[in-house]
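Okay, so chain A shows up in both of these, paired with chain B first and chain C after.
Entry: the complex of A and B
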């Protein structure tokens, strides 16, 4: 129950300084959000609006994936399946009901959550490797169903959504704001879960599922709820993304590459931290655009992603935020020097191990990454 | 009735090839407790190797498959020493992510060199069929299945008769006890991973004749193989063989009686049903960590 003690410690001795710090952080978040929201009105061009919109999409995907993989320790390799579910739900309903996809997008979130419930009931009753297997299977089974059930999905022809009514130069802005709102809500949900008993339970499950069960956590209920929470906003984002593209097809929507990027975004920023996926999205998406500009083809893109993921797993397994956080803690502890506070000693004690930064060290230190 | 028998027998033949392909995946899981998501990519790598050798020399792919085994063994050994060994002992998610990253990298490299187009190896008997009694079978399928079963027998002999093989089986049964009696766990893991890659080497060369392949085909194959070993029981070699034959038959029956396009769905449906009804599979006990001693 290392996770409990380390995570509870900052809250326990929250002095006036910590409270002030939290206020500053909250103010910074609100200010950042307001600035991002104002950008289209300030007239940044379509290219950057598009880039930021995709960044927000990766925030949504990454924050969702993080709830399951970062908090509960269950990796999904098919997270983009839920984006596809949301996209298809919104597209089908919008066309049939003659409604704006914006209005029906939340239903995509609900349908995604129902799928997560069904999948969760199949595999999350048990432990182990079945979850990762079923998430791969789910992505491809949905792709095949979407291809071979033309009555519902229009098959490989795809679905064309209603054309958005927005006039230039505002053609991207509504999507931008919608996606920004979803990203903000995703971060909020992730942060909220992290603070609650529910989130503590998920981390306990990650650290030791047997012991978590013994202290009275209903592990199955927790895992299934977490899985549903992890796909809800992704499903909504799917509808918005589909409307933004105005055209969806099975290959593009049930795309494993999006799953790869989701994993990469969160791993890079810091798995199990609230802000990790956000940082990862803001780093990765611009790199993404640059690498497309330089390498062009999809295939060399895969090499870049694959190698990046390998390097992160091997050399930065905990991601930027926990690693930098430890480095900072060690630095300030060293600066405070011999004043002998217990806190400094503790920080210095954990830092060298984390500095070695092998995956093994990460496995040992996985409890601490949450204090960042 | 004749069509039914023909379909079932073809399914058994296909199952023979699947059994070889799945053996490596289940072996690696049994010994190391990791799901090698890159197994499909190793398979496709070997497909390209076979295609390249066949194009330049015209050698029969079945002979190339024998060539591919030691080569892929070496590739597997290097990959283990270079990458996999670094996540031994880490959280299981790390090995999944690392092998996933390896799969994507291999897919990308193959795509950069040979584009995303589908290829296939077409020896002279490629489109012929063999008549056995009243039944007709694609010649390539028969040759492929014979090669696969022969290699599986060799694998069986390695596992049962050699010192390395016994060490592998001991480690799969109980790692701690194996280490106590002097088995070098790291060496065994490297050998297992290399052996798994070697089966992918043989399997890939056989596949290159039977199915068109592209760099992205590895997703399809890893899904198929996961279906097989989930059904058979993860880590169990006889289970993988049984699962392979059952799914081979299920696939041919689906494509004959329902539709070709739903045939692959069989594998995914089986994954769901098995995990729902019998998570440990037909012959395994290791899928659920919580039932382990």
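Entry: the complex of A and C
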């Protein structure tokens, strides 16, 4: 958050160095994406391909959750509900219409957004903590509905999706690429929102919602729009995930653990930052898989989650990116101070000098405005 | 002169306490109107009711000829109503410049998709920061500024809305005397250019030199109104401040 707010502000008078920095960053992102996309063609083994695919899934979940929780400050524990909605939408439509789940997955995103709209209209008119409760409730209600509406969802039996037609060695590569694309789009959406007036309004809501309203920000509309944006790609990812698993049931699809892991991923990387969820996903998902590999498929990975959560709250309450960003800023400031450069002195001098120079500057400014 | 703001029989109860009781008054267009009264007389509650921070139990608020008491607060802002807070409220994690460009004077989907800090808005915000004498601090985090500087940033933020009426809640509270003079100067300057002010203030010298007329509240309703001189010599006012 910190790094981005400061990066956004001086953009207008950015020097050539900042422009060059932005170009390098863009180049690094494109290169990283190309590398990840090339991995299946380079013959990466199934185990790592699966791990990366799930990492991308958590990027999608985390980036989405971050729009609502990181930018607007509304924490939800129901991100996985929208994964389930997307999964069921795609599964039901694919089976009924005899279409590829890949084709109908985007409809899952739309249905998820409509759900978010309906929930948002009820709960986001007001402020405060009801949101987190309602999102947990939504998750469990959807699970109960999915269990008890067999005509639509096949109940506890679950739905078996059509078998993917892809041949070895490309069996899972299309899922990998689809999920990678969704992760990239999620990051793009999150970054785009962060740069816009909409994103600034969300941050204003997080900082002081009453004040945001007073200065003309339609807080209800912002929150509902943000909620819809935060679940859209998650809904699409649900369809892709369902197809990848080829079988879904209510317990697996409306799973609160996925929501908890989404929160964890984003908190670890840095809530409110664009890249936080990505970093968190790339750290936690491999950790998760490793704990499966070491301790077997029992509940021991929950202990790993619990420990990770505790460590984050204790030592990195703001997440990796803001903490490292601050440390870096302090370090460069100290280095500049040691240089004793005129620039640093001038920058520091503006703060105390402002009060004294103020009235004259103000008077001059008034004169200017009048003549203009 | 016509009234830009008319408050009619405004009422607000908190539990059994009447914070504001059938309060009625007018703010003349182009005036700097003072709103004074002893502690607990309902001044800030009146501000909260006018701006929509809290809903009124009863009564009407007519702004620029239209009833606004049922509108959400952002709608009221879009109509040209702005306020500052007794304890300055800025978005502390944002830069000073971001704080100043944050207000919206209308809603449009297209504007939402625009860059947060750009174009004419950015220029206007820098002008306003110049006006309050803080342009050197534009890229600092708002939370890092001194209290007086934060007050000035809030002032610039309010001006960004190009409001018709500005409600100032204790602009001189917790601010050093030099800053008070400066704030009063800015208010006069803006008033000269057509902005109307309604000022809640405890600093009597400031009220008496800045405001005309002055409205006096006690126990949630208006008990007096007039020029600073008239109000000062009104026995009911003396009674409200010193009595019981």
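As a working rule, the second predicted complex is superposed on the first by the 323 of 372 C-alpha atoms of A that agree within 3 Å, B and C clash if a C-alpha of one lies under 4 Å from a C-alpha of the other, contacts with A are read in each partner's own complex, and residues count from 1 in each chain.
The definition used in the following text is that contacts are C-beta pairs under 8 Å (C-beta built on N, C-alpha and C of every residue); 3 or more make two chains touch, one makes a residue touch a chain.
Just so we're clear, the structure is a prediction, and the values are computed from it rather than from any experiment.
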First (chain B), second (chain C), both or neither touched by A:210: both
Give one of first, second, both or neither to describe whether A:201 is in contact with chain B, with chain C, with both, or with none. second
Between chain B and chain C, whom does A:134 touch in the aligned arrangement: first, second, both, or neither? first
Using the touch definition from the top, say if A:218 reaches chain B (first), chain C (second), both or neither. second
Would you tell me the residues on chain A in contact with chain B in one complex that are also in contact with chain C in the other? 210, 358-360, 362, 366
Within the complex, which stretch of chain A touches chain B? 69, 73-75, 77, 122-123, 126-130, 132-134, 136-138, 140-141, 144-145, 147-148, 209-210, 256, 260, 263, 267, 297-307, 309-310, 313-314, 317, 358-360, 362-363, 366
Chain C partner, complex, touching residues on chain A are 1-2, 5-6, 8-12, 195-201, 203-204, 207-208, 210-221, 350-351, 353-355, 357-362, 365-366, 368-369
Spell out the part of chain C that touches chain A in their complex, as residue ranges. 51-53, 72-74, 77-78, 82-83, 85, 89-95, 97-98, 101-107, 111-118, 122, 127, 130-141, 146, 148-149, 157-158, 161, 178, 182, 185-186, 189
Complex contacts: residues of chain B adjacent to chain A: 29, 35, 37, 83, 86-94, 96-98, 100-109, 111-112, 115-116, 215, 219-220, 222-223, 226-227, 230, 234, 261-262, 264-265, 267-269, 271-272, 275-276, 279, 287-290
